[in-house]
Amino acid sequence: MKGKLKEAVRNPTVLLDRFINCRFLTEEICTPLEVEDYVPQPIPEVSPPKWHLAHSTWFFEQFLLVPFCPSYKVYDKDFAYLFNSYYNNAGDRILRPNRGLMSRPPVSEVMAYRAYVTEAVTELLKEGTPNSQMLTIIELGINHEQQHQELLVYDIKYILGNQPTFPEYGNRFINEAENKSLDWIEIEEGVKSIGFSGEGFSYDNELGKHKVYLAPYKISNKLVTNGEFIEFIESGAYENFNLWHSDGWDFINNGAIKAPLYWHKVKDRWQIYTLGGLKDINPHLPVQHVSYYEAFAFAEWKGMRLPTEFEWETAADQFSWGQLWEWTSSAYLPYPGFQKAPGAIGEYNGKFMVNQQVLRGASVATAENHSRKTYRNFFAPPSQWIFSGIRLAQSL
Amino acid sequence: MKGKLKEAVRNPTVLLDRFINCRFLTEEICTPLEVEDYVPQPIPEVSPPKWHLAHSTWFFEQFLLVPFCPSYKVYDKDFAYLFNSYYNNAGDRILRPNRGLMSRPPVSEVMAYRAYVTEAVTELLKEGTPNSQMLTIIELGINHEQQHQELLVYDIKYILGNQPTFPEYGNRFINEAENKSLDWIEIEEGVKSIGFSGEGFSYDNELGKHKVYLAPYKISNKLVTNGEFIEFIESGAYENFNLWHSDGWDFINNGAIKAPLYWHKVKDRWQIYTLGGLKDINPHLPVQHVSYYEAFAFAEWKGMRLPTEFEWETAADQFSWGQLWEWTSSAYLPYPGFQKAPGAIGEYNGKFMVNQQVLRGASVATAENHSRKTYRNFFAPPSQWIFSGIRLAQSL
Amino acid sequence: MKGKLKEAVRNPTVLLDRFINCRFLTEEICTPLEVEDYVPQPIPEVSPPKWHLAHSTWFFEQFLLVPFCPSYKVYDKDFAYLFNSYYNNAGDRILRPNRGLMSRPPVSEVMAYRAYVTEAVTELLKEGTPNSQMLTIIELGINHEQQHQELLVYDIKYILGNQPTFPEYGNRFINEAENKSLDWIEIEEGVKSIGFSGEGFSYDNELGKHKVYLAPYKISNKLVTNGEFIEFIESGAYENFNLWHSDGWDFINNGAIKAPLYWHKVKDRWQIYTLGGLKDINPHLPVQHVSYYEAFAFAEWKGMRLPTEFEWETAADQFSWGQLWEWTSSAYLPYPGFQKAPGAIGEYNGKFMVNQQVLRGASVATAENHSRKTYRNFFAPPSQWIFSGIRLAQSL
Amino acid sequence: MKGKLKEAVRNPTVLLDRFINCRFLTEEICTPLEVEDYVPQPIPEVSPPKWHLAHSTWFFEQFLLVPFCPSYKVYDKDFAYLFNSYYNNAGDRILRPNRGLMSRPPVSEVMAYRAYVTEAVTELLKEGTPNSQMLTIIELGINHEQQHQELLVYDIKYILGNQPTFPEYGNRFINEAENKSLDWIEIEEGVKSIGFSGEGFSYDNELGKHKVYLAPYKISNKLVTNGEFIEFIESGAYENFNLWHSDGWDFINNGAIKAPLYWHKVKDRWQIYTLGGLKDINPHLPVQHVSYYEAFAFAEWKGMRLPTEFEWETAADQFSWGQLWEWTSSAYLPYPGFQKAPGAIGEYNGKFMVNQQVLRGASVATAENHSRKTYRNFFAPPSQWIFSGIRLAQSL
């Protein structure tokens, strides 16, 4: 983590406000849940809400309070084992697929743990004299928790959306139709400047402003809609191997996948599970919950392609984005000069730089102030449960 | 189900008492749980407590109230799908390994469902005129729920015993040492009478008093103890293939099994997770949580054998039993003349009569009035999470 | 192995004849094969023909020549590792599912190995002074190789029958119609004598003549035919869970099994792969290649049952048997007083006495002189590739 | 396939020579094999040699003779099913993991098939009037067969190297030490020209000369050696998760991988299986049979990195390459303007452009005239059985 944090360093009060808001918002996302909803882990990628609540708390305890606050007393020494995610440097941890078996500690105790750690960090920011390294870690911890807020929304939707009874969560995190006509933004060839530099927070994976040569291209001003995706389905695309990657073809066949996640064909009509319950499909909304394989196949079918992440970033000021993360054709690889930070913090990004695809933009579930055009999100190609969509590009 | 139910038929009041007690006891077993503990299904065999509570209720609704009480209004039509276990005749059902993903309905609603059905059956018994067939089904439903009470205890123990924090449940369902010296009961050869006949309830699998010829044998008056089992382990038995079935050898090697379930070697000392928490081993207690493979291997190591279920039943009046279900060397097969009842009730026992081993006796978790010497319990040979133990026999 | 071998002991010349014939016959079974056919192992249960040829040779080397003939020089020390099957006492061995990866040694060398060991045993029987223990092992080795002759036929059929081109092997090991009308043989209740005693060879698992009480029953004089089995299929039996064991229902559904092995529905007509190639079904032939689950379900459908192995043995003199092994309703369990021999020979039978079902009789692929009415064959319930059939029984 | 083939078009005689040589060489590679070695498929990625021989033949039949030579008579209509690899457009095919079960057709018939097709193509080139499209397909067929020649060597090595007896193949395809001191080639930043253009054959994936901006870097003049890799191992690198991708850490732990493929520690000394048999390790040879994960981890351990494929191509004229394919840090993605050809030929490359890593260079098993600096080879990150090595780079 190498974000430059000048403002924060100058002003712990601002950071405290953001910290408090962030902690509150995480809990607020969970309010519509029953206690039982906090427990299951239906697939390895989907973690129990209880786990997100505790893990984002453990991050502050493990990386801030324990190393920097000598008087801090660990809430429960077992929690490091229970709520570490993948930080091998931070000691043993429970295997990821077993998170859903941990009924203990109960939600009430996780909430007490949250309050305890929130209080300790608050006190530190109010009354302590946090040095620059500590402020940097708090900033990272807030951004880390914001990422988990978004994952919380994904995972809650998955847990509820796989109940046979399709329970409602509420009318939040819902897309809107882009009411404008399709247009193509043309970009000239040239050496472009890519990556983050300057004030404010960024992740290490987007750092290092550097040059990339781009051939001329055009990129759509709109996301692909449900209506267009229905055409794709009805053209027989899920049965036409010519449109698919070899791995994608295996993915849809092994999983018997015939549509995006949460689509249900009920009596010849498409319905979609949303956080507001099962609804008739709206053809004007952007298509959501597609894997990279489906995004790629859709572009093939259109005779177009997905943009690279560099093309996306170069054109991003010329279209609106933020309803859905947009699959790019770029594999997730390090920028020139990328170096992992030493220790556990260094495990944050670098070790995932293989077998993942970059998504750019943000979604309706992304925390405020957590998006920027240089942000590099990444997921494995089969991921459907994320808030993903499709924007097309063409070479000129 | 062909149990003769003469007393019950004569006296609905007695049956009502037993019904109310049974319903109460199921809920009472769950009182030490946190809401979160009702949800997980750590392995396919272990069902969520929530599921047991609802399934044993659904049984009365499905097989008694719906077919026999025209005015009865189903509590929630989705529940038939959610809480059917394996009754294919009773319609679609959720796949067994997915029970742990169902956070809905919440525990509170399951409890409301229980109350609703308990009330309906109570009214039927109090004010209705239940015919003999209905009384038979209530009797079966009570026995069915008693079986689930015992499974509830097994499953609660498994869920809590696999938390890294080993939480306590309470001091119930605990074994006691058999304070008597080892003795061998000798039985003479001859044609013996086996199986249930007479008044009172029995399952269909134990019906049909019939003759079995037995060669002379002797059988132990005591269960094998933890102390004896430690000797077995320390002799290197888990590394000596000569003692094991071929499938048993695969079982312990594939699962890296080195001891009964819930045994933990901490700093060279054996500890056992009990419902009262993690405890030092007591060598005088009967050994518990052994698979059939381990029971067999132990007998091999002793130069003895397990009794057949017929030997066990023939000698059962001459020793005390009831702390642990006792593995027999008998595969679970139909008695002469066994016939499945038509429809879903007929799925109760017969369809499991392959690849299962008979256990006889009862355990500290068995409901009162739910044991008799003709009772045939059965589980797959690898089952360790049940309350199982070992009694030895020898041919004469 | 506790067979009494009086005649053999008296007459090594007779044993030599049988040994030579047996060795010759194994090789003769393979003559229609291409070299390539000796190599694959399509499923773990089906071993490469090359492996059978070598393993049955290794048995004589390992258990006779090495321990008893000091001047014998092992053909190749690696072969003990390559061609041990499951005798843990005889040292390390290659894992069973990997047999099909061993292209070396080539078939020609396996044949040279066979000749070398055949020669050494021949010499021992001709010129040596084999003691009683050695003759016993030769007798066992012959019987062991005869078992592998039958498995060779099964495995060759499986390898060829799973080629997309359905190659022919030749017109051997083919069933014939039982041209007689269906009749039921009635047996009175009583204590019957079961098991082998007397002169000649037997396996340890059939030893110990002992008493079994049987209730009265009747048993069919004929095997179930293809024609009857087609009726069963056409009644919808493979879709009717009421007919199946719970495990059987999983077996046919997980494997998408809709008919016995080698049945192919081609343009609405049943064809069967036989060793003579793909043929139109003959409804008068006995049905072959059914699993235990299918045999059981067929009997359920008929409102009858399979005989126990004791019922079968008691009635066996009153019907003709030997085209197909007949599934019984008996699990494979030890007879009273059964004891494993010490060491590797003791691994022959006892360790399989769980999760297996007994078959009685013999098949067209069984070696001459290798059948008797007390013989206990056994296979796991899903086994379809064996030469199995169905005989029905009914209680009286 | 869009290679420009001007010389070939002008001169069918030259193409005939290359065709004949290519066909001969494929068979020549197999001469040291026993017939049995042609059959097994030990892991899904490793195809039976018999399959390579037939598949490379089928390619000419399917894409040249059948569509363009009306008088051509297909050798055997079943072969299209048996020997199609992954061309979904060319009809049904046998599932890849089942290739090792196909003992038929025997090797002798596959050889007859080869001769038949070789003859037909020869005649076409000698006496026919092949048009430009046909010549293009022959050119592609030769290149395709050359790729399979290399895979043949990999797969033969895998099949023989996994025999417990480590049989020898012969002294071919063996690496040599690079007898020069380590030096670093520096490349200045700038927009570089990447990709193939001009005369001669190329694959579609390398076509389209295009610009790429590169920051300054240096690249090693030598491959990493066995000696250096032993240091890496002995430093504990296989136990240090900081060096590995998250997927790489899972890969080495799930597979219990502690060294490159074919390395065996025998009595504390490293030995390596080579095509000449098991040998003591030579520390001066380039390290071979490393996965991408291991190549990456080695670079991390050195504090360096792997080159991108663009860095590699830009510097390739300044170092010698060709003993081993060199892992790059580039994911396998389409070049700007890449378009799949229509139909089955279009399946050649494009559909693999996800989850694969690019290798550059060539190996001792690469066919003559089959290498060029723009050639883009690709394999999944875990692949160890390929002839892969490591060249390091550093940013300046």
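Think of it as A, B, C and D in the order they're written, each chain with its own count starting at 1.
Following the convention adopted for this analysis, contacts are C-beta pairs under 8 Å (C-beta built on N, C-alpha and C of every residue); 3 or more make two chains touch, one makes a residue touch a chain.
Predicted model, so just to flag it, every value in this text is computed and none were measured.
Participant: As a test of understanding: of all chains, whose mean C-alpha position lies farthest from that of chain C?
Facilitator: Most distant chain from chain C: A.
Participant: Taking each chain's centre as the mean position of its Cα atoms, how many Å separate chain A from chain B?
Facilitator: So the centroids are 46 Å from each other.
Participant: Roughly how far is chain B from chain C, going centre to centre by Cα mean, in whole Å?
Facilitator: Here the centre of chain C sits 37 Å away from the centre of chain B.
Participant: Using mean C-alpha positions as chain centres, tell me how far chain B is from chain D in Å, no decimals.
Facilitator: Taking the mean C-alpha position of each chain, the two centres sit 58 Å apart.
Participant: At least two other chains touched by the same residue of chain C: list those residues.
Facilitator: There are none in chain C.
Participant: So which chains end up touching which?
Facilitator: A-B, A-D, B-C, C-D
Participant: Give every residue of chain D touching chain C within the complex, in rising order.
Facilitator: Spelled out, the residues of chain D in touch with chain C are 34-40, 42, 50, 78, 81-82, 94, 100-107, 159-160, 162-165, 167.
Participant: For the complex, which residues does chain A have touching chain D?
Facilitator: Residues 86, 88-89, 191, 210-213, 215, 241-242, 244-249, 292-293, 296, 305, 329-331, 333-334, 336-337, 346-347, 351-355, 357, 381, 395 of chain A touch chain D in their complex.
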